[in-house]
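Shared between the two complexes below is subunit A, which pairs with subunit B and subunit C, respectively.
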Partner chain A sequence: MIEIIDLYKKFGDFSALNGLSLTVPKGSVYGLVGPNGAGKTTAIRHLTGVYRPDGGKVLVDGEPVYENPGVKEKIAYIPDEVYFFPQATMRDMAAFYRGMYPGFDSELYQRLAGAFPLEEKTPLKRFSRGMQKQAAFRLAVSLRPEVLVLDEPVDGLDPVMRRQIWGLLLSEVAERGMTVLVSSHNLRELEDVCDHVGIIHEGKTLIERSLSELQDNMVKVQLVLPEGTALPPDLDILHESRVGQVRTLILRGSSGELSAKIAAVGPLFFDLLPLTLEEIFIYELGGEDYAVRDVLL
Partner chain B sequence: MIQLNHRDGRPIYEQIVEGFRKLILSGALQEGDKLPSVRELSTQLAVNPNTIQRAYRELEAEGCVYAVPAKGIFARAPGELRREKIDTLKRELRETAAQLRALGVTPEELRLELEESTND
Partner chain C sequence: MNWEVRTMRSGMSFFNKTIYLNCLRRFWPVWAGLTLCLVLMLPLPAMNMRYASDVETLFLGVGSYGGIVFAFGFSITAAMTVYGWMYQTRSTGFTAALPLRREGMLLSTAAAGCTMLALPGVIAALLGLLAAGGVCGFSAAAALAGGWLGRWLLLALCFFGFATLCAQLTGAIWVLPAVYVLLNVGVAVIWYLIANVLELLLPGYAGEVPRLALTLSPVVRIFMFYWAESPFEDWAGLSGYAAFGVLCLVLSLLLARRRRMESATDTVAVSWLKPVFRWVFSIGFALCFANFLYLILMDGEAYRYVPMAFFLVLGGLLGWIIAEMLVRKSYKIGSALKTFPILAVLLIALVAFCAFGGLGYTGRVPDAESVKSAAISFYSYSCVTDDPAEIATIGELHRELADASVKEDGMDIFITYTLKNGGTLRRRYAYASLSEEGKAELRQFLERQEGEAISLWLSEPDRTIHAGVSEYKNGDYTRSFELGEERCRDILRYGVLPDMAAGTLRAVSGWPFDPGYAGDEEDCFYLEFETWVKGEAGYGYNRSEYDVQSFRVTPAAENTWAMLEKAAEEWEAVKDSYSPEY
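And now, the complex of A and B:
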């Protein structure tokens, strides 16, 4: 379990984190999303013990991470730009990881050669970006980590490899209760693999929910009302657009209760549609003045 | 055995529930056939295990499958499910008929249409 409590971090005059709080239950896959510059990577660097918090706590299983090797050996981390030692081959890196992490499972490492067919004796720096990522995943999974932290994990990976990797990670989640925190902008993919989502903005947590709660908290409604009929008065409307007679509303609330409310005013036509994670992201941040601006060129 | 469609607006767990319903209704999954374990299906579809769990819980609540502790999830006979499906389709037929009536199709024309479609 990961707990980030009221975390503050400043770089010079710039406040990167302003009281960020996150809770990642054990065995969950947590999607950390937010606009560019929201503080995702800064939060992750605290979680992996790279940065020292200015204020607040970063706990894994109740213990602080910073300068705590006992906790850090349970955490595997794949940054967005993977790093290998100059000239190091797959084999060299495996030897290094074996020395650093007591949990390194050599037998599993050998078996993973089936999933990641990488040349063992070529310096990793000569590999393509995607193949370097594969190498990083092979090493990270071999550690049998309790917590896996991923920053933009599938950038540069082909579709087959993405599925291969997610399949592998999710089987570790199902079997051992591994906890995964993943920061990504690929919301389509997060929708499949995550069960919890946290949206952060300007160094603070905007919302944090399980994916099913999040999806049941907002709906898209298309409706046509008869002439002279008004919408039910107590709707929480996040967004409204209109084409001819057809209105499209983004409403806060569960589909069951909204459906009853709208049906009560007798619309000529109405349809409730579930929102994708991408739409939820856009409308939640729309309320925080972060939206697509119409720029004419 | 289950196909997810990302252009489908429905949540993933609903697609999984619907997929198994179809397999059971069509007889592709017979009574007593074992469904894939949560871990197997989660690995195969690259979908969160909790989502699979949720789908299985829903299928169990609907009476499509039953769980045997420490053994797995098994398909039930489709009897109940078939009856339900027939009810739903009949209701849809009634709604379609009502819409046709509203568009000015006469009851006589509807009857002919129905006879024609059930003749073969």
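And now, the complex of A and C:
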């Protein structure tokens, strides 16, 4: 289990993290989302032991990560922009990882050659961005990590390779109980793979739930009310729009509870629709003064 | 409880073989290039040598001085490669996420850097041994090659340790070599720049670089140490420098453990050093800028306080702004100039200090009772004395110079006292500060001293070891040749001494304002005797290894003239032979 408890980090005068707290259950696929500059990458760099916390704790299985080789051996990390030694080939990097990580599985590495058909002797810097990402995934999975940390992992990959990689990772999660923490702006894709989601904003956790809880807790309602009838007063409305007689509301609360309340005022028509992760993200952050604004050009 | 207590150390904490071998494999061009340089410097030339003395000169001379240059240059190259991961955000992210503690990373990469320097040295020494063994025998060659290797390893440890420390201070790879060079020479250079300002503004200031400034500038000190004292067998001295390198490595380890990876690309990586950098950079920039502007705009004229103050403040302001931009990595410096007025006041205070005589510095004359010996030098004259009466005379001249302290840039008089408490006091004043009586007294004093020195020299012709002769004929120098020990002693005994006794020849130590001193159109020989005087009293203030006595020989000095004419003819006959002396 990954625990980030009350984490603070400042860069000069800028506070990147302001008491961030997250809990990632073991064996889950956790989506870390947030607007640009929310502190996602900073949080990930703490989780991988790159940054020293100014305050708070970052624990994996109850042990601190920073300067703890024993814990870091269990973690594989694929950043947004992957790094390989200049001039290094796939073979060189595999040899390096084999020396650094006791858990490196050479047999698995060879087997993965089928899934990631990359030239072993070509310098990695000659590969395209997508091919470099494939190389990073092949190496990371070969480490047999207990925790895999991904920052914008599938940027640059084609749809087939994306599906293949997610399939591989999810099978690792299912078979070995690997924990995956993934940060991405591609919420459509996260919705397909994540079972837990944390939304962070300005260095703090805004919301952290399982995806099903999150979707159960917010609904979209379309309704038409009779002339002169008002909405129930105790609705938690996050957003409202109107086209003719049809009103569209984003409401916080469970669908059963909201159905009962709306039915009580006798609407001419009403329908409850589930929200996508992207909509949840937009409306949650709208309440935190990060709403979509009309741009006038 | 902090992270250091909560985390466990393991075998991976201090050394990682994979990192070590990876560095050696990836950066092979560095150590291969160094090997090539060292082989070209030592074994290859040794193969073509025929004499043991040549091989010895190769190992002790070229090998030692070249060793300093290569150790200095390749240490920073090795540091830039093995610590290069600290200077990019991507590489720091990759490396810091590896299952390895910071000290393990530093020690593994430092070990690789040391190997990159040591291995080429061992190869060059072994090849040198084989090449030199055929010339001077293997036991002598082993001593030479072994000695050279020992010196190389100690110097490499010194410079690489220092480069490692510099690597921890910055987060930008382009800054690293600049920091390395500046810290190696920085204190001496800053002191030199301050001394230059004081020489221009403070009457009496004699411009000396203190030993501490040199000691804090390792490469300057090591070069001077080698050249001045030839410490080929001074293993204690060299070991001291190597110990300094080890100390730098230890400090680097302490800094590396606390290093923040987010400092990659920062000019200054250690947060508490940022104000230090701002101040040192600004002061250094102010001094460079002011000295440069003063040189080109004031035409070398001394004692222009207001322009110097203006140049210093302007330079300080520019330096402050540049330093701030470097620290912030931005052209916007915001409110960074808030504390600049403090620097401006300090720079103006430096000028004011000079303008007001350095708070008594200019006028300070020690009591005669407190002086052990005194020295005075002017133009080519110099003398040192421990006679109380002569010390008193120098003190009187000093007092007159200090009281007047005419601010004229021209010929200077240097006075140095060695005090009974072990201290020294050295001053420099303009000759123009003396009254006419004072000038006459100074001349009389120095010529008496010079006369005594010449008499002493003339009484011991066997000290003379060499002479150089230049013939001046029809308004031009026609030929120059050198005289060996026996020949020049003969000319001294049977030419110079009789001619001096006859009054037709005198030493050219000459008072600079005498008419005709600088020579005229008459044909002559310029004869310069070199005399071994190291450690001897009475041979002038400057007790270097050699003293020189010069003569301008005209036909009036019949004996010397005839001997030199004959020597010139003989030289013509043998001038194409191997030896330049005969």
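The definition used in the following text is that the second predicted complex is superposed on the first by the 297 of 297 C-alpha atoms of A that agree within 3 Å, B and C clash if a C-alpha of one lies under 4 Å from a C-alpha of the other, contacts with A are read in each partner's own complex, and residues count from 1 in each chain.
Please note the rule applied: contacts are C-beta pairs under 8 Å (C-beta built on N, C-alpha and C of every residue); 3 or more make two chains touch, one makes a residue touch a chain.
In this text the structure is predicted, and so the values were computed from the model without any measurement.
Engineer: Quick one: classify A:T205 as touching subunit B (first), subunit C (second), both or neither.
Structural biologist: neither
Engineer: Just subunit B (first), just subunit C (second), both, or neither: which does A:L170 touch?
Structural biologist: first
Engineer: Which of the two partners, first being subunit B and second being subunit C, lies in contact with A:L273: first, second, both, or neither?
Structural biologist: first
Engineer: In the superposed arrangement, which partner chain does A:S28 touch: subunit B (first), subunit C (second), both, or neither?
Structural biologist: first
Engineer: Between subunit B and subunit C, whom does A:T179 touch in the aligned arrangement: first, second, both, or neither?
Structural biologist: So A:T179 meets neither subunit B nor subunit C here.
Engineer: Report the partner of subunit A that touches more of its residues: subunit B or subunit C.
Structural biologist: C
Engineer: In the superposed arrangement, which partner chain does A:R188 touch: subunit B (first), subunit C (second), both, or neither?
Structural biologist: Once the two structures are laid over each other on A, A:R188 reaches subunit B alone.
Engineer: Show me the residue ranges of subunit A that touch subunit B in the complex, using the header's touch definition.
Structural biologist: Touch list, subunit A to subunit B: 28-29, 162-163, 166-168, 170-171, 173-175, 188, 191-195, 211-212, 215, 273-274, 276.
Engineer: Show which residues of subunit C lie in contact with subunit A when the two form their complex.
Structural biologist: Its residues touching subunit A are 3-4, 6-8, 10, 12-13, 16-19, 21-22, 26, 90-94, 96-102, 104, 260-262.
Engineer: Please output the residues of subunit A touching subunit C within their complex, sorted ascending.
Structural biologist: Counting only subunit A, the residues touching subunit C are 11, 45, 48-52, 63-64, 66-70, 72-73, 75, 77, 79, 81-83, 85-88, 96, 99-101.
Engineer: Can you name the residues of subunit B that touch subunit A in the complex?
Structural biologist: 4, 6, 9-13, 38-39, 42-51, 54
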